[in-house]
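Look for subunit A in each of the two complexes below; its partner is subunit B in the first and subunit C in the second.
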Partner chain A sequence: MTGKIVGMPKGLLYHYYYVLWKNFFDALGFRVRVSSDTNKRIVNTGIMSAVDEACLPVKVFYGHVLDVAEQVDYLFLPRIVSVTEKEYMCPKLLGIPDMLKACMINPPCLIDTTINLRNNNSQIYQAIKEICAIIQVPLKDGIRAWQRAEKAQGDYELYLQAGNLPAGFNSNLGEYPIALLGHGYNIYDAYLNMGMIHKLQDLGARIWTKEMVPKSIVDTYARKLPKRMFWTFGKQLLGSGLYYLEHNQVKGIIYVASFGCGPDSMVGDLLERWARRYNNKPFMFLTLDEHSGEAGLVTRLEAFMDMVKRRVG
Partner chain B sequence: MRITFPHMGNLYIVGRGLFEYLGVDVVIPPPISKRTLKLGIEHAQEFSCLPLKINIGNFIEAAELGADTIVMSGGVGPCRFGYYAQVEREILKDLGYQYDVIVIEPPDTHFSELLQKIKYLSNGKSLWQVARAIRFGWVKARALDIVEQKVQKVRPRESVKGAADHVYQWALNKIDLAGDVKGVLDVQKLALEKLEAIPQEKDKPVLKIAIVGEIYTILEPFVNLDIEKHLGRLGAEVNRSIYLSEWVNDHLFLGLARMRSGKEARKFASPYLRHFVGGHGQETVGSTVRYAHEGYHGVIQLAPLTCMPEIVAQSILPVVSERESIPVMTIYLDEQSGEAGLLTRLEAFIDLLYRKTDWKKENIK
Partner chain C sequence: MKAYLGIDVGSVSTNLVLMDQEQRILQTVYIRTQGQPILSIKKCLAMVMRENPGIEVKGAGTTGSARQLAAVITGADSVKNEITAHAVAASAMVPGVQTVIEIGGQDSKLIILRDGIVTDFAMNTVCAAGTGSFLDQQAARLGIPIEEFGELALKSTLPVRIAGRCAVFAESDMIHKQQTGYAIEDIVAGLCEALVRNFLNNLGKGKQLLAPVVFQGGVAANPGMRDAFARALNTKIIVPEYYHVMGAFGAAILAKEEVARKNGTSFRGFGTANLDISAKSQECTGCPNRCEIVSIVNGSRILARWGDRCGKWSGLSSPGSIVKEKDLMHA
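On to the complex of A and B.
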């Protein structure tokens, strides 16, 4: 037990890999401190610290980093370039550690290791070695912790696949299955999307996500594209989106995009085009930014659910 | 088969040269205009990259002139450019255009596939003929860059404003018309002589400003509102982090020629941005450092709004600017950008650079 504290910002890839890294650091005897849930203060700090042109999730991420940075020994800020062969994360995620370094005045010790499995899955061991060197633990402990963490993450992904939403949401509500698609931070950050999941559930929607679609199905449907989609989340969104378009039970699809998001401008648009060609269920493209108002969102969600219910009824 | 390809600065001259050399029917899209942009905005997703929007406008306008085949370069990510052709094909399809889209992907995939595409595009010409056509395009690209670099030097010093641009326009036209290598080289030589002959105030103090950033906005005057011309008239000598032949080399000739490589820029970037971020983001940071070392007075970063690699670079440039002591200004361009607003910002930036520069010390250097 080192008792040292690793800070983890609750933004961007947190929504995908929290279980993995939390288990990793726990197993090594570190305490993980996660920044607060997104709130007004975090959003405002982010907006003030990041460049105006950045997308909202990146701004909010700045807010989370600055929220947690002061009270920790280490700040977990890895550069996740790729988690899958021949695929990439968004360019902004490739640059995020350097972007934040340029804005923090007195940062704690950074764990800014690069993880790039694009050409070679075993690079992860190189990354773990680097992390171990930074936090000063023996490599063999690190590898053992990694194996445990990977197992926990695998179990968690299976749990989501079984039709569950992440902690904090009730998966069993609603009678009209609706696919709610988008980057994890847009779907699961209830402050950022103004409680979209709850609002939809109140309107009778049962939420299906891309995390509920097994990888093999995503791959099969993504293969329909004439060219391999190189963004990992883009591929998941297109693969699961095309699957849900054909799925009889799914009554409608909502795509949630961040204003100015590069991948969303292509992935969301392609999906919308396919949906229009299929023309078999309502599709809605929703854009979030710092100026999005709650009233406008409610109106659009209501109109969408009315349409769904009319088609079903 | 009537081939077309997107505009990007002087690229059309290179493309026309290459394809016509092969005897292929090529349709150059009409020069980018307000209408081109309007068509793109109308049919592309709202926050698509500006270059993608203009590509769409180009293709619609080329189709009106009878083009039926698009040639584009591709990519493997991480930036959007690698997927442009895919999205553009779908947009055009939904609009009812029957385009055949041929994408020259980096040879990350299969070299044999590439050869097949070339064979198809060249109407079955021999590889030897293809190689000669490529060389011809290359000679044009180099000539364009050489003349342009001279123009950038003359603009701030010419006694009669506009003289250098007059020669430049003449040279563009002549290089475009030249039908063989010798013809191109003759124009290049003559253009350099004409530029040299322009009356200039040679010892006037001139600011040196570098333009860095996203390639399309740097190379396409319609999008950057002719920023280089404005800077020249305001008395600044301009250099750019990317010239056309470098792009042509990387994307179309698969890096066959050895050029000032991105490697160098990446090395300079490493204290600030230690990883590539797609597009030219790392080059933007690295070039800014290099220009600071080379004694430039200021750097202007250009990018289309929402450009991901440049947003990364912009977030880091304040630190670079401070540590390398070089003023940096970022200008985002989109369909709303206007020339008046741009001029005001350029004038203010130039004022700032003049105030910061110690001309006496400068002369000793």
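On to the complex of A and C.
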């Protein structure tokens, strides 16, 4: 047990890979400290520190980093370039460690290892080796911890695929299945999206997400496009979206995008066109940005659910 | 006489409709909200009381961006979003309507109906280009009363091309055209065309806009806009007689439906017009979110509270709740 603390910002890829890395560092005897839930202070610090043209989730990520940075020995900021063969993460995620290094005055020791599985899955072992060197643990311990973490992450993904929402949400509410599609950091951050999941559940929606669709189905449906989608999340959104469009239980689809997100503006629009051309399912595109006025969002969600209910009749 | 009330409190205007049991409109009120929704709701109620003193209200409904506020003040039976209210009203006025265009002060909507059911809708995004406020502003800049703005557009023989994507660019484009000597009616007509183009590109994207097309909301008063829509869609544009209060009419119909379901109304009565109702806001210091809490107060009694993310304030509308404020602030 080293007892040293690894800081993890509660933004961006936290919403996908928290279970993985938490288990990894736990197994090595480190303590993991996660930043607070997104709140006004975090958003404001983020907006003031980040580069102007970044999307809101990236700006908020800055706030999370600064929230946790001073209380930890290590800050976990890997450069995740690719997690799947022949696919990429969003360009802004690739630049995260560099952007943050430029804004922190006295950062703790950074774990900014590059993870790039684009050509080869086994690159992960190179990455583990680098992480082990930074946090000064023997490689064999690191590999054992990784195997345990990978198993936990796999179990967690299966748990989500079984129709569950992440911790903090009740998966069993609502009677009208609605696919709520978007990046995890938009869907599961209740501050950024103004409590969208709870609001929809109050209106009778049963929330289905892209995390509930197994990879094999995503791959099959994503192949309907004439060209391969090379953004990992873009492919997940498109594949699950096309699947939900055909799924006869799903009563409507809501696509949540960040203002200024390149992949979202393309993937969301592709899906919307598909929905209108081949399918008659209610589809709504919502854009999130810094404005905090809820009235506009509430009106749209209410109108959407009214429409769904009247159509189901 | 028995009647139903519908109140639509929008950013620019507050509208009220009083209708009888056969959904015939008895009275309409259209006043400017002028940033004071509580006052304008009270004014509307006072106007109904004056003109229809013997009326017995069987139910009340609210809609519009201040629908929650209006519901708390009046004790409304139904509180519905504007999309549903406008769709219901248009269906009642023009049975079989398939497309509803609604342009109000700060927002614009497009609603697609099939067999009387909303099948698709769109609202403008954060941008207010092409809504009533922008037309108001341009009319004022050109020194033309807004009521004559549309008539002027009809006199145009050759509408000039104006960039309609953004209100700021549209304005600079108009100024440029005006400085190079284009006739004012051609510029005004060009603006109407630009706004219609923007509306159809933005909201109509991928949707089938089939006749009958109903155009409602304050901007439907503008013949220049009606004309531009008719040309762009190549169909007749129906503007209902009560186009300016359709949201309120829809709210009244929804109230009637709701009252039939629950038996009896919770409407507070016209006495509301004389009550001392006000809103006060404060910042909660309980967590870093620093939510701005709004309390709707009647004298010393709190009618409702909202604005908090955690819900600890909104639950408290009972009379004794003021005492607990201090604890809540730091809880």
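Assume the second predicted complex is superposed on the first by the 311 of 313 C-alpha atoms of A that agree within 3 Å, B and C clash if a C-alpha of one lies under 4 Å from a C-alpha of the other, contacts with A are read in each partner's own complex, and residues count from 1 in each chain.
Basically, a residue touches a chain if its C-beta (ideal position, glycine included) is under 8 Å from a C-beta of that chain, and two chains touch if they have at least 3 such contacts.
Every value quoted in this text rests on a predicted model; they were computed, and no experiment measured them.
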**Message:** For the combined arrangement obtained by superposing on subunit A, do subunit B and subunit C clash, or do they fit?
**Reply:** fit
**Asked** Is subunit A touched at more residues by subunit B or by subunit C?
**Response** B
**Message:** One more residue to check, A:Thr114. First (subunit B), second (subunit C), both or neither?
**Reply:** first
**Request:** Considering only the touch criterion stated at the top, classify A:Pro282 as touching first (subunit B), second (subunit C), both, or neither.
**Result:** second
**Message:** With both complexes superposed on chain A, which partner does A:Tyr191 reach: first (subunit B), second (subunit C), both or neither?
**Reply:** second
**Request:** Quick one: classify A:Lys86 as touching subunit B (first), subunit C (second), both or neither.
**Result:** first
**Request:** For A:Gly95, select first, second, both or neither according to whether it touches subunit B, subunit C, the two together, or no partner.
**Result:** first
**Message:** Taking the superposition on A as described, I'd like to know which of subunit B and subunit C A:Val65 touches: first, second, both or neither.
**Reply:** neither
**Message:** Quick check for you: in the superposed arrangement, does A:Ala295 touch first (subunit B), second (subunit C), both or neither?
**Reply:** second
**Message:** Touch test for A:Cys261: subunit B only (first), subunit C only (second), both, or neither?
**Reply:** first
**Request:** For A:Trp231, decide between first (touching subunit B), second (touching subunit C), both and neither.
**Result:** first
**Prompt:** With the two structures placed on a shared chain A, what shortest C-alpha distance in Å links subunit B and subunit C?
**Reply:** 5
**Item:** Interface residues of subunit A shared between complexes with subunit B and subunit C
**Value:** 273, 276, 287
**Complete:** Within the complex, subunit A is touched by subunit B residues 44-49, 74, 76-80, 82-83, 85-87, 89-91, 94, 103, 272-279, 281, 305-309, 311-316, 318-319, 332
**Prompt:** Inside the complex, what are the residues of subunit A that reach subunit C?
**Reply:** 36, 39-42, 191, 195, 272-273, 276-277, 280, 282-283, 287, 289, 291, 295-296, 298-300, 302-304, 306-307, 310-311, 313
**Request:** Using the touch rule from the top, collect the residues of subunit C that touch subunit A in their complex.
**Result:** 65, 80-84, 117-121, 123, 125-126, 205-207, 287-290, 309
**Item:** subunit A to subunit B touching residues, read off their complex
**Value:** 50-51, 53-54, 58, 79, 81, 86-92, 94-95, 98-99, 102-103, 114, 225-227, 229-231, 259-266, 268-270, 273, 276, 287
